[in-house]
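We just call them A, B, C and D in the order they show up, numbering each chain from 1.
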Amino acid sequence: MQELIKYGKKIVTAGLAHSHFGNVSKRVGDQMLISTTGSMLDELEGQIVTVPVDSASPDELDVIASTEVNVHRAIYNATSALAILHGHSKYAVVESLLHESQIVPEDSESIYFLHEIPVVTGGIGSEELARNAASALRDHKGTIARGHGTFARGATVDEAFVILSSIEHACMVKYLLDMARKS
Amino acid sequence: MQELIKYGKKIVTAGLAHSHFGNVSKRVGDQMLISTTGSMLDELEGQIVTVPVDSASPDELDVIASTEVNVHRAIYNATSALAILHGHSKYAVVESLLHESQIVPEDSESIYFLHEIPVVTGGIGSEELARNAASALRDHKGTIARGHGTFARGATVDEAFVILSSIEHACMVKYLLDMARKS
Amino acid sequence: MQELIKYGKKIVTAGLAHSHFGNVSKRVGDQMLISTTGSMLDELEGQIVTVPVDSASPDELDVIASTEVNVHRAIYNATSALAILHGHSKYAVVESLLHESQIVPEDSESIYFLHEIPVVTGGIGSEELARNAASALRDHKGTIARGHGTFARGATVDEAFVILSSIEHACMVKYLLDMARKS
Amino acid sequence: MQELIKYGKKIVTAGLAHSHFGNVSKRVGDQMLISTTGSMLDELEGQIVTVPVDSASPDELDVIASTEVNVHRAIYNATSALAILHGHSKYAVVESLLHESQIVPEDSESIYFLHEIPVVTGGIGSEELARNAASALRDHKGTIARGHGTFARGATVDEAFVILSSIEHACMVKYLLDMARKS
């Protein structure tokens, strides 16, 4: 729990998300810790609930969990992820609206860590988004929901943060390069 | 009062306003707590005064309240707002000078939360601005005074912060997208 | 002294200068407190010395004062300033290289507070820069040394910070507007 | 060690690198203190190891040192550096992909401190990068590995930070200027 609280603050400080636009979770066995709906990412103290990963047995706490709890569930079911971070990072949102299906990074670190970044569709918290994000994260560590924000997974919260951070880096570098080459 | 002090700091940390360029208030019954004129937004300790919402009975503290106290009064009189945050956010200022009457966001969160962002006219602290901002905020949660800055309202200071933050997000994303498409 | 230390940190946090690229001073009678040469702006503890405003009687501490102490002296001699802040703000530097003699802001706050922002020439710490900056600051509260950085004056350190901050705001807004209109 | 921990935090706060994308070291005689592989730059407490500068006698701690320990070794062997900071600064990465062999700054501070900034090639942690970075740093205080990030050297950690910071400043100013002139 302390780890999610800490990384919530780091996400905001690093400019990877703002106010309550994002959510974070960590899997522990068949349960997951997840931030509550509408909670400020840099003030998650007392704003994290535990709900089952399996949605077949819905929990009474589901109603106060993030409205994107279904996306987290789908990702945990489809991948080996033990942590998921989601944030409305600005350059990731911009690049996802400029590229149809994927973004190909140009900086060495992103080429090495991310290969390419899939862009998926689906409304905020929709089943379509849950399905598409989970599918994209089978083969990648991060994906961008078009016009919405990044979902990053990791074996640890730490690793998910590196991916979230790296995707914004890749997208900002690519945006600036493309502008320089076009003009 | 603690809430306004806290959000004053958050506004500056998040880059939504700088030095003393902005003001914050909270309605409590027929009174409002408002930051004083010329006060630094990230140092509001001892810089918040209480004045009546109704300007018919002007208060002696009016002279040290923000010079835009009249805009806050007009908004409280015209809407159900219980909190108002105003900050000179950079991309909001830029977009307000590039669009005549409104800005239509392109990212999912802003489409969902803001629909469109009305741009209003009127000099700093003028009656024209008070009238126009209040009118725009009847149907919207935030508006941008052209070339000046954002006014966001909420049922709580928290909610007003989400709107202030979301408008800057929407404007930055839109600016970057428009530049990429034009070039 | 505490005030200069505090504003040194605020300048760096606000992104108005970085590492040791800037200097700050405050006039007290015939003396001034000024940051030492090479000192980090966000760590001015123990890095502030007192030297005379009048350079006719040079002080042994002059050698460890900022290398731009002469610019501060010229400004104090030519104006009513009681505080001067200098920082290598990025958009101010960029705009000063794009405009010959002055920058005309487009946002309301800068039009109101700054009118226009004179751009002056002269090498780092040179007599030419001292003369030109002092002359520009007779009629303005801030000026940008071309390709170098902003000098802001005030009756208080507080006021000088507002000007430093406002000039960067004006320059960033103008840069973004000009790019959008040109493309 | 405290110095490296402190500057790790300053690098992240200043936006000169993010999450674990960078590494820092300090030479003490024939040994160097260096951050461990995968360590977060703003949380280096307990994440710094001591290894020999000379690679002829490899140390068991080598396996947990930064994967770019060989680049640090080559630089210490080729220059008088006593500290090296490396970070994936965004504008430096962008400019290194836009310029073949060097970047010529346009702001006064960078012209004065850096003259020009050599761009070198070589994969992350490769011998080619070690050779090229060391060679470039014989005559310069900083260099950018193409598409990867900045390496800055100094007689102190302090000085290396000034160079790291100054290179990002130079690159951002140059990028913005070039965009304005081209459009």
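Rule of thumb we're sticking to: a residue touches a chain if its C-beta (ideal position, glycine included) is under 8 Å from a C-beta of that chain, and two chains touch if they have at least 3 such contacts.
Note that the coordinates shown come from a computational prediction; the quantities given were computed from them, not determined experimentally.
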Same residues or different residues: which describes how subunit B and subunit C meet, taking over half shared numbers as same? different
Between copies subunit C and subunit D, what's the superposition rotation on C-alpha atoms, in steps of 5 degrees? 90
Cα centroid separation, subunit A vs subunit B, in Å, comes to 29
Separation of the C-alpha centres, subunit B versus subunit D, in whole Å, is 42
Give me the residues of subunit B that touch two or more other chains. 179, 183
Work through the pairs of chains, note which ones touch, and then classify the graph as line, ring, star, complete or other. ring
Subunit A contact footprint on subunit D (complex, rising order): 12, 18-21, 40, 88, 90-91, 93-94, 97-98, 123-124, 145-149, 175, 178-179, 182-183
Residues of subunit D defined as touching subunit C within the complex: 14, 106-109, 112, 158, 161-162, 165-166, 168-169, 172-173, 176-177, 179-180, 183
